[in-house]
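In the part that follows, the structures are each spelled out as structure tokens.
Look at the two complexes coming up: chain A is in both, with chain B in one and chain C in the other.
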Partner chain A sequence: MFKKRFLTMGLATGLVLSALAGCAEKESGNSDVDSDSGKEVELRVWLTPQWKGVLDGSEEGADYDSFFKHAAERFEKEYKDHNVNVNVEVVAGDQRDELLNVNLNGGTPPDVFFESVFAMGDYAHRGALVPINDIVDDAAKNDIAQNYWDNVTFGDDVYFYPFSQNPGTFAYNAEMFEAAGLEKYIGGEEEIKTWTLAEYEEILKALKENLPKEKYSNAYPMGLFALNNQGDTWNLAYLRMFGNQFFDKDGQLVINDENGAKAASWMKKIYDAGYTNPGAESVSSNDVNAMFQNQQLAISFTNAILFNNAKADMESGKAPKFDIRLANIPSESGDPLSFTYVTGAAVFDTKDETRIQVSKDFVKFMSTDPELVKASKNGVPVRNSVVEEFSAENPFFAAYAANAPYVFNFTGNVPGYSQLRQVLYPELQALYTGAKTAEETVEGYQTKGNQVIEEAKANSVIYK
Partner chain B sequence: MFKKKAKKREKIDIVFNIIVIFFAILSLFPLYWLVTSSFKNSADVVKMPPDWFPKTFTWSNYADVFSNQPAFTWAYNSLVVALVSTFALIIVSALAAYAFSKLKFKGKNILFIIFISSLMIPKEVMIVPLFRIIQDFGMVNTLSGMIFPNVATAFGVFLLKGFFDTIPDSLREAAKIDGASEFKIFYKIMLPLAKPGIGALFILNFVQVWNDYLWQLVVGQSKDSKTLMVGIATLMQDLNPNFAYKMAGATVAAIPMLLIFIFFQKYFTKGITLGSDK
Partner chain C sequence: MKIIKESNKENLTGYLFVAPQILLFLIFLVYPIIEGIRLSLFQINYQDEVFVGLDNYRKLFSDPVFIQSTINTVIFVVFIVALTVVFAMFVSAAVFDKNAKYVSFIRGAYYIPVMVSMVVMSMIWSFLLNPANGLIPFVARELEVVSVNFLGDTRLVLPVIIFVTFATNVGQAIILYIASMIGVPKELFEAAEVDGASRMKVIFKIIIPMVKPTTLYIIIMNIIAVLKIFVVIQLLTGGGPNNASTTLMYYLYNNAFKYNQLGIASAVGVIMFLITLVLSIPQLRAMFKKD
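Now for the complex of A and B:
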């Protein structure tokens, strides 16, 4: 009996295995494409989730890859030099580096990657990307402000074609503000409200003390998180609250000074006062975002895409509906603390000249085509022409533009930024749990951070 | 006197049972919370005080998981990868283990030590070279790319050799005298006797492959070639405030494993306690 079962099992396994092996598809984008003949070129385009739909999330079947599939389809039809086939894949943000590193080591990086520049800068330093200066023309330079070009320039070369930006701010629940008697601090529906630091502390205190418990049970004034590196740009902004320079001209961290310690001390102070959610050391930005949307937090972090998604979720009934508005991160000087994620496409060095050239042409096509660039309205467009076209439809574009003078480059374009992110949150965890003082926290971050930067500099092709 | 002692012992047993039941409930609570929350709407999941049982019962979270994502394809992929690689591993391991246990050949012990030594190399170290091999075979984005590396592991050989070692050599010798070939002895006599070991290996390997994340992530790069664990992980990372939806995704990933454990508990326990008795 057992013998028969075993043999059947073995035969079945053998059959399935051979069937599966036979069905093995050829990995697209490998160097075995017929690039020399100039006929068949297969590109792999990867992106992390950005926006849904081609131009708008309300389109039927809208998904994260809709825009890129549409752009790919048009490119395949309109491109004359080669017969191109573009495969689009969406990669989860947390899976990006694992997939890229294995594929880079395996010699099969994707041809094009669309992502926030800050998350991909290290690949430029590692020499995994090719410069794309040759596809940037004067028309693009004139339409896109210089600060975005600075953001995508490493050394002397442009590595990402700026497509849209995603400014980071606070989001707040205006109804909770009202309930706590904070009407005078509520900004307009289409405004990014700026509070002074003193006002902000007053707001936190009032929310803590006056928020009606029967309506907002288990709610806290502000979201604070340090579980991992996700959303750490807001933590970096808080560390600049008292005017810290952060990076010096040599790209070294200079957070360990009086202003840096004051900022860390402020974070600990609001945490200890109960102005934030408890357990910040074990809470992620995802958790905070969900808590805010479920009205357990009055103030949380957001960016333009998250803000639009939150409003869409409320409209569709996926999340409780409330009056959500925007505010700037305050600072001691009174100026808002503002930063932005520039998103754009980069071209990987696949060692295949034809594929690299076609990839560059695809990036130029999707980043300059008058119809396609309209999709940047899902975030905030980097092109003045698109901002002008859609400013009536989205009044926030003007508000974000007003913040532009206060934007700081949070990465400093330093090498090793990804590893640098791994250094910050353990220090913040130590701060919140009381294992380190504010002074020790900034000292630890600076010491360990500068080690990371030094090591990365030694391996950076840009610093050589 | 004896009665009194028995009564006292009974009382102690009751106390211990109560403690055990308490901890059993405590450890089952996360699972209960996961499953019940998946039937709530988003706001009810974070409600304070919580609803210990869903007041409004909805299937919409499951409908969303299966309609927004190719979750059926992911589940199918997981099942095929886990089943096929486990069956293949059992065949390969049983043959190798039998050879190491019963056959006499030169360098057997050294070869076995080399085999066992490979268990000390973490899988993560081998990811890149393994990926290159799979890539050269054109198996990226295929299920076979996920299956084959799981077949070539020394753990099965190690486990089954232990079982074959416990079977007396006299059985093999008797069969040989009766004229049975080596392969006949293997599948007619030895394999049926090693059934508990095969069961334990099946369950242990199935669980390991089902829960494997990194390898399946790098091989299954396209949406339709992902497995359930990798696919569901992308849901968890989504900045979606709907906890109930995420709970539904996590339940979908957990249920098959739970069923496997319930049905094969005997073998699972056997696998864990292997070698603990003489």
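Now for the complex of A and C:
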């Protein structure tokens, strides 16, 4: 009897211990990886979709991760200090913050993230990124203009290694313009056409009225979207159309004035007039981009990388081929409204010195290697040396340079910019559905936006 | 003394046997709940946590979006649960006593959407309803019927989501009702037939009272499921237009993962937990009564 009970108790104790041992083993398994980091280093490199291919979208099997896989392969071979294994992962732009927040809170951030700086600045403010001043040398400083360094500097430190820039403009379907009798407004193939606001309204009207229905059924003049924060920089540009400065010198929103309200009212006006796709409040920038590629929109938003991708899709037969050209976002003053995204890689604070060091070395490698930096031609290179090398084959580099004096800083370098983006689109939805007037829209955005900026400022490690 | 020692030993054996289960229960269920309540009292940044007391709750109740989310959630719960129960009851009462093959077909037909992922269903509905390039608005335009933005109109967006969720989930309730109705003793129906009771009388006087436990179960489970409604909102409307279709779960998700306000998100979680707990009490009571 005693033996039997002893056996049962032993069995039960064994069960409990095995459960505990399972947990304990997992714990020690983790620390083994850490202590082994001197020999084997595993890096996670994340990026949002940028350009396809290593150097060019026309390469066979070109995809968004081709460049980084190629850079990783070379880095693994050429890096001497450690045995490195780099895993590259492409994450959707609209899932970026969710994925990063989950991983940051779970203590598993990626090592390197390649993205537009504006979308990632908050992570520097939150103390999730490490400064990379130590990998920036004089050669890079001389080759990359100071304004790009300013863009990636938060407080006193550099957090992103500038790789390329990606100016935002309009793209338009020249064939649809012709079909609507708008030949005189079509710019050159290698030109970024500038229209006045009055001309632009005339174009929208003509497209609405004269576009042949049999050839372009279910087509609209211009793409407009406010489902989420994707592509919101164009919406921000429209809000500056009548001269509003957006931020004051203290980094507070000042959109709630006559010019801001006029701009919001203009957006509502073209929407109500049927100059845009219907249902802007529940249409995303992705939908609009797809509609433009399917010739359901004559004018849409684009940036240098999207423009090249669209042309590559047409060449490869993935999308219908048409004459795609560029134009500036017009303004009441007649000056174009121009902005650019600086893209670059940042290193996350993984609390593991070895991984951080190897990540920095990887970022330096991919951002300085003479062969790899040529890939920046898919956007607009930030390096003068690359611009010079490719300006003959890409005449747009000169056109983008001509826009430089009109570039506005759309983030205002304010903390909490990611959350600020979440405030704008519900206001625009209210505007388009008629729940708010233009005045109420800009007032709502300014009040909620400034609250976000204040709170983020109080929590920023840069401002401390 | 010896007897007490013996019984303690026996108890210990028992406790050791249930210990693994208790341990898992504590780690994966109790600890997250306690941690959620604790987090709801803190303001959390990437680098530190600051105790703020009930500030997160105060912020919540002064946020119109939270209030709107709560109202929307209540509307969803009331309408989706009511529709599900009434429709499932109607279909089941109509078919449960028919040919077995026919019953199987009906069951299968309604159950297929339940098996298909909610993500896939939402994407299909999005393809149908997208105002710019969706199929339904396109057909409406072609037929020159007045085009309506089902996802962008504040008056239509809630009914549309209610319908989509109801259509996707009703199969589960139909399966349960049919099983329950088949289990109702045949003598009752025979007696009703002898008495010359009409079909309506049979339904109201026999079927509905006999399947009451199933109705209670369906109501409680659906309330809990609808309280957590998320995927449809995320994929169809993104909470829009202007937060008109946002729900508590979507509000929680936005705060936790988009705005990185873990404290606020935890406070919403605690409130949802309390609501679910209160709503589950009748079911728990019914269960204990049986025992």
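Here are some notes:
The definition used in the following text is that the second predicted complex is superposed on the first by the 426 of 464 C-alpha atoms of A that agree within 3 Å, B and C clash if a C-alpha of one lies under 4 Å from a C-alpha of the other, contacts with A are read in each partner's own complex, and residues count from 1 in each chain.
In this text, a contact is a pair of C-beta atoms (placed from the backbone, for glycine too) under 8 Å apart; a residue touches a chain by one contact, two chains touch by 3 or more.
Just so it is clear, the structure is predicted and the values come from calculations on it, not from any experiment.
In the superposed pair of complexes, A:189 makes contact with neither chain B nor chain C. In the superposition on chain A, A:105 makes contact with both chain B and chain C. In the overlay built on the shared chain, the residue A:126 is in contact with chain C alone; chain B does not reach it.
Judged by the touch definition given at the top, the superposed model places A:218 against both chain B and chain C.
When the two complexes are overlaid on their common chain A, residue A:419 makes contact with chain C while staying clear of chain B.
Contacts of A:306 after superposition: chain B is touched, whereas chain C is not reached.
Shared-chain residue A:279: touches chain C; no touch with chain B. In the superposition on chain A, contact of A:320 is made with chain B only, not with chain C. Of the two partner chains, chain B is the only one that A:289 touches; chain C does not reach it.
Counting contacts as defined above, chain A residues 9, 12-13, 16, 20, 98, 102, 105, 218, 290-291, 294, 296 meet chain B in one complex and chain C in the other. On the chain C side of its complex with chain A, the touching residues are 9-10, 12-13, 16-17, 19-20, 23-24, 45-47, 130-133, 137-138, 141, 147, 149, 151-154, 237-243, 254, 256-260, 262.
Chain B meets chain A in the complex at residues 42-43, 46, 48-49, 80, 84, 87-88, 90-91, 127-128, 131-132, 135, 137-145, 147, 187-188, 191-192, 195, 214, 217-218, 221-223, 230, 233-234, 237-243.
Only residues 2-3, 6-7, 9-10, 12-13, 16-17, 20-21, 23-27, 30, 49, 87, 89-95, 98-99, 102-103, 105-108, 217-218, 286, 289-294, 296, 306, 309-310, 313, 318-320 of chain A touch chain B when the two sit together in their complex. Per the touch definition, chain A reaches chain C in the complex via residues 5, 8-9, 12-13, 15-16, 19-20, 97-98, 101-102, 104-105, 126-128, 218, 220, 226-228, 277-283, 287-288, 290-291, 294, 296, 418-419, 422, 425-427, 429-430, 432-433, 435-436, 459, 461.
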